[in-house]
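This is the structure I want to talk about, given as structure tokens.
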């Protein structure tokens, strides 16, 4: 079975909600929609306090080339356009809407009917995706229309769909593959048409055997299912390309250099809904889980719903909860503010007990080199850690810190419990700043 | 109160204590074999060695560095056990204490403790004793049958025409352990079993042992093919002396070996070559410990210039 | 006997040979350098702290010798005296700068600022600040992980475990600025040391609106403007809901210290106040909070 070439680890996957059907969460009383839910420039707000909006009304227009539209996920009145604290307690521009009824914009097809035919051409498809404000829903939130616009000089050869979901606990993509398999396959064909390619691989890890079986039985027309060996971080874009077509993205290069375009399963489903049903990105699937949660679920929620409401919907926070994490346990962010809203990139809410998550005391590095063999990018985490600790940021550049994908394999394996990634992440950010200021000087 | 930390929020099952404890467990079969065949002397030597290593580490930590004791990380136990494995069972116990003092005090704690040392502490202790007490360090109790108390390597080095005098079942005896020698030299079979355990538990990777032993085998094999009258059988070189103990347990010491597979291969080949050079042309019958110490010194250089295989 | 002699002779021979080789190598590979640089470097403190903006004292000495106008160069550790003697030596005009000291502009001790969560990551301010707003509701103030203490080469800044805040030893502080650069929150400022080491400063940089600040911390600046009104010398300005005292205009009259409703303004090394009937009760409350620095 295929997998990526170096590093990574195989651990327990804790997929508690893999067999639980997606549940629709009721429309909340109030939503907070951030104007920057994607990588790139924030959207520009085009509503004011007191405005009436419907579900699907554009409330923020893309603020640049790398940016995305933001739509209202509810119908009601805008009560505030002031900044609101996000999960980390940092205030960000947002639109707060009080809900009145559930009125959708005209032209949005809310039926469950499958529309298999798409007669649009490549440009029209990308425009529709751009209008719908679709971003990468695996967590990176890169605007999808930018990813589908192939830069001049490059050529797309195939589409790789990321159904890996290698983060422990999360099952949102798994459930979408099972419940919306026909829509996924139509979505794949739409993206293939947009890219002008005729091959598509859907990479799925072997712990989702039912999804592999179901999609394999239905796939046709250039789409093939690639079962992958279970190994974290296979869902990383570079690792997935390596695992599926055995090509490597060069250091500092874009994935398109290998001829592959990677899209997440959730994104493919959102693209299907945007192109075939005119539905902008106003809902997403969120796995709300944890070993001690009384009733973990996969929930379909409106973007902007408060995370505390999601937690209440699964039976509340267990008493022994130490951390509430936005995302998976390997790359998610611990939240200090659970009143923060769901965004386009919220793939899961995870509640971990102190025993599972509180770090043990750091010890001295024993040079065991476990971090070096765990690094999927072939870096030397122990060295980067030391350089960052001593603030030798210029030296980190030559050690390729910018290749780091922040997957956390190094800190996961470290027997001395060193905060390797904590320091490497800071060092990477500082190194990026140095590189940027040098480019500006030139 | 809510706990906040950067990702990752999970940690794997590994810890320093577990890794170090596994090394000690891997040494147990060979230890029991020596005690059963060689008597209680081996037990005493090991106990004294481990106890004094732990004592010195505790003393230096509490009264010199004024920091909490680090005995729970098992590293002092490993140093003590490995030191004992490098000593003849008949050695006076006070010499063992001196060796432990050098191993922990000079080779480990003077660099700042666990993780900071450049040289393998147990080997520094052993080499110090070998140079300071050459007679006690090279006198072995007579065992099994008559190879006159000399270790196989000593026998080969100092007896003329040794190659033609060895009996047919000699290699088998070496493999199982019916020969004189220090504890770690005796049973190749059980040491290999320990090594296998370490590889299965993912404490070490196969690269260093295989490349070290492979280099010794190839190098001595070439010599043997040139003139089997003078040079010993390559299998003999692998089974005799500390080749297996050294390559499986000492050369793989985390702190003093290179940080990536490419570097580890260079390091292992270096150890193999130097070992054979000393064994065949040097003045000592055994060269494993010197070879490892020399390559320990080269480790920082290897780490600086040899990088792991990058993703792209 | 002969063995001893031979050994000695060989040893001496090797020594002589090596010294001859070294002599010629040193001659051959000698780097020509301005002869003024070495004595200039010797006059510098030699701390290599980087406070001047150069990599170390040698680089600073090079710059001092090379540049004709050295008014922009200053060694904060050596201070005016060192700069003057160097300038005299090089025949250039010395830059004038008043002695400075690092000042921690946050008084959010454990008792003043409630902790609302626990940070469990690496013990470092820069890691914590890059992750989230911090353990308290105040997203501006000191994080208390001591990055400033780790970079200080003079042992002048130490964490106080009772308050969770760093404290500056003004006699050891050389105003090199290493802590100012290390602090990700910009809490530390280099301020004029002041006449007789007396100074008054606002010990808060919280730019939130008054109500939010008040909720987060009992000694934060709420931007109420009272100090601005009471100041007779126009030394205080309130921008972004936080007051700042211009040290060059402040005459140390201490009116603002008394006026501040939250006790955010601190005075250092000023003599105890004469008892004034009207403000006695308020004043004692303020003064009890004003001690360190």
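Note that the chains take the letters A, B and C in the order they are written out, and that residue 1 is the start of every chain.
In this section, a contact is a pair of C-beta atoms (placed from the backbone, for glycine too) under 8 Å apart; a residue touches a chain by one contact, two chains touch by 3 or more.
Since we're looking at a predicted model, the values are computed, not measured.
Ranking all chains by how far their C-alpha centres lie from the centre of chain C, first place goes to B.
A comparison of C-alpha centroids places A closest to the centre of the full protein.
For this pair, chain B with chain C, the centres built from the Cα atoms lie 51 Å apart. Inter-chain centre distance (chain A to chain B, centres taken as mean C-alpha positions): 49 Å. Centre-to-centre, using mean CA coordinates, chain A is 42 Å away from chain C. Each of residues 333-334, 336, 358-359, 419, 422, 425 in chain A touches at least two other chains. Each of the following residues of chain C touches two or more other chains: 116-117, 120-122, 127, 131-132. Annotation for chain B: residues 2-6 touch two or more other chains.
Those residues of chain C that touch chain A in the shared complex are 116-117, 120-122, 124, 126-127, 130-134, 139, 151.
Put simply, chain A touches chain C in their complex at residues 85, 88-90, 333-334, 336, 358-359, 391, 419, 422-423, 425-426, 429.
Interface residues of chain B, counted against chain C in their complex, comprise 1-6. Chain contact summary for the complex, chain B toward chain A: residues 2-12, 14-16, 18-19, 73, 75, 113-116, 205, 254-261, 307-312. Within the complex formed with chain B, the chain A residues making contact are 5-6, 9, 11, 168, 238, 242, 248-251, 253, 322-325, 327, 329-336, 350, 352, 354, 356-360, 363-370, 372-373, 375-380, 382-383, 400, 403, 406, 408, 411-417, 419, 421-422, 425.
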